Amino acid sequence: MPYAFLDVRKTESFLEVILNNPARRNPLSSEMISELVSVLATPEAMDSQGIIIAASGRVFSAGHDFSDMMDKELAVLRDLMHACAHLMRSLQRMPQPVLAKVQGPAMAAGCQLALSCDLVVASENAFFQTPGGKSGWFCFTPMVALTRSIGRKRAFEMLMSGEPVPAQTAYEWGMINRVVAPERLDDEALDLMHKVTQGSPQLRAMGKKAFYTQIEMPLDHAYRYATDMMALTGITEDPQERMKAFVEKRPPVFKHQKKNDAAPKPGKKMHKYRK
Amino acid sequence: MPYAFLDVRKTESFLEVILNNPARRNPLSSEMISELVSVLATPEAMDSQGIIIAASGRVFSAGHDFSDMMDKELAVLRDLMHACAHLMRSLQRMPQPVLAKVQGPAMAAGCQLALSCDLVVASENAFFQTPGGKSGWFCFTPMVALTRSIGRKRAFEMLMSGEPVPAQTAYEWGMINRVVAPERLDDEALDLMHKVTQGSPQLRAMGKKAFYTQIEMPLDHAYRYATDMMALTGITEDPQERMKAFVEKRPPVFKHQKKNDAAPKPGKKMHKYRK
Amino acid sequence: MPYAFLDVRKTESFLEVILNNPARRNPLSSEMISELVSVLATPEAMDSQGIIIAASGRVFSAGHDFSDMMDKELAVLRDLMHACAHLMRSLQRMPQPVLAKVQGPAMAAGCQLALSCDLVVASENAFFQTPGGKSGWFCFTPMVALTRSIGRKRAFEMLMSGEPVPAQTAYEWGMINRVVAPERLDDEALDLMHKVTQGSPQLRAMGKKAFYTQIEMPLDHAYRYATDMMALTGITEDPQERMKAFVEKRPPVFKHQKKNDAAPKPGKKMHKYRK
């Protein structure tokens, strides 16, 4: 175990990375950031079907470590902020889905970390907060993730008021994917991770990359990109097998599909959309 | 009736285009796409006050026809995808409002078709699904429409999990405009179509074009465009008549307004926003 | 009192600007626009901690004054529209939070005025409406603000149908921040204004500017901007004091923080997010 501030657990198909400095509320210290960047670059991470970012203790993460930033030179702060933004963007650049499992408050850069993951499952106990604005600073970098997750009026209020937004409200706003009872958190996170890792990892990686790329393009460019991706991937093995299996009414056998861990035990009632 | 896969019905003011290959779940085959592009280019379509895209049978549309794409060369897939994206963009380029009346599942390119319409009214039975990701491919082109309709976290989950989203949830997310009981679908779609076709068709066409154009601009450019449109249209006949009628407390008589079909029978309770 | 159409009230820390032409439903006449631009440029406005835009009478604002636009030359309309767009953008360029307190219908340019404020608190009686489309014109400029506040399907329907959207629905859509009983409107608006003006005004001004700037950037540019802002502001006095006070477990004393008005009386139950 080479990490001082992380607990890393590998199952057959997923990698769970647990922020593990609960006594200090899992701060995104420069060491923690550095370890997170490192773990994402390991073969274990690259090869996993999905990555879960979790945390130990009562707080998901309280954000930056003030001792990294107090009485420091500009160069030190700049390096820290660049490293942190690099981490956040790495989460989107990973080929597989990355899910934040938020068991408690996610504040400032901790809120940014959760929202920078592709998916978020939170406990009812959790809240999301960008407190900088009310306390003499401003959450400039968390804002980048926040304003790309929810509408403007709500984001402006969060950033200026610094008020915590309960997980239930965050769910209603579309900021997160699930809100569940604390004792259901692990199962629901695992259930969602299973749901998003059923197909071909190769196609999924191209899909994730295209998701974040085309979302910033004008419609015209987005369609030029997406039609080429659709046509070019369509002649590859897995999509061809998928179509043949459908027409021949048999289950598909994918060349690039990996075996997943067992899904959470059946009999448990998982999240359902309102019908 | 020159269409093999469409049923086209013209009322006094609206054109209803019905996908009509229910035995095969109304696939967006290259022929169906081709017929849809054709019908949108007819004088009947161009002159109508509004266009309704509907479907016969239990499924709105299951998406592409696999037999168009199995064991085909790249050029064939590319042509198909270009034709399909062209259709989707044509819906936005039509001068009048286009409304999808979704009576059942709208899947993959079928989901894209519904969301590419300006407005969507769906039956409670309907669901919206982008299943590519879970089955060995990825819904690259439906993603373009989906990510411009709802927030990122929800869109990412839909694309990666391939799970169906019930019409009720889609409504709560703002993906669609109405969710109604199956037996109310026709009336509610007609009611909404009436509501969005009351003014001057000339101004409406300019409004629709400006809607999709300015939405992709930075605020500064959007205001330069919109202020010019406001001023330039403001000196034309219909807006001048509208203001004069208001000031003179009489009903306006528009030069460019066409007579609409009769509205759905009164006495029926239509959709209302929550007060 | 130099304003013909405004009532301007200064408290210790906030400026309340009240549209005051209730007999004519507070139209955004060229004079009203001109006075609003003027008041925003006064030292009282620049120095205030927050600005509230309110209105007297039953209607917030019915939009443009038709008598400014009837039988006028293009140049007149163009100047009016430019002045109006300039006003709307000035609200975002003010260094402090600007809150619309909407006591009644906000229509056309009146809807644009409310949505162009950073925050909106509305009475249950209020509604939001862009009626141009149904009455022979089109709300081109209000559309710019509206489409940046809510999703596309809902915005398209509002613009084309011209139907009023009740405050409760607007709140559920994320278009506004609070919906409250009429008799609670003043207190809730004041409460929210207090919440968003607790920190350093200097940092808040930089935060607000960064909010509207980075929101239009691609993610990559947004992070380059935000990381620099985070590092550069981080070496200034207020953020340094904020961190030291936290570490030393004492209340911070900010150099640039101004004293706020007294908050609304305690004991009153203010808006809470759903938990």
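Note that the chains take the letters A, B and C in the order they are written out, and that residue 1 is the start of every chain.
The definition used in the following text is that a residue touches a chain if its C-beta (ideal position, glycine included) is under 8 Å from a C-beta of that chain, and two chains touch if they have at least 3 such contacts.
Keep in mind it's a predicted model, so treat the numbers as computed, not measured.
Interchain contacts join each chain to each other chain, per the touch definition above. One rotation lays the C-alpha atoms of chain A on chain B, and its angle is 120 degrees to the nearest 5.
Two copies of one chain, chain B and chain C, touch each other, and the residues they use overlap weakly: the shared fraction of interface numbers falls below half. Mean C-alpha positions place chain B and chain C at a centre distance of 32 Å. For chain B, the set of residues that touch two or more other chains comprises 148, 150. Those residues of chain B whose C-beta lies close enough to touch chain A in the complex are 66-67, 69-74, 77-78, 80-82, 84-85, 88-89, 124, 132-141, 143-144, 147-148, 150-157, 159-163, 165-166, 168-169, 172-173, 212, 216.
Looking at the complex, you find that chain A touches chain B at residues 97, 118-120, 148-150, 174-177, 192, 195-200, 203-204, 206-208, 210-211, 214-215, 218-220, 222-223, 226-235, 238-244, 246-247, 252, 254, 257, 273-275.
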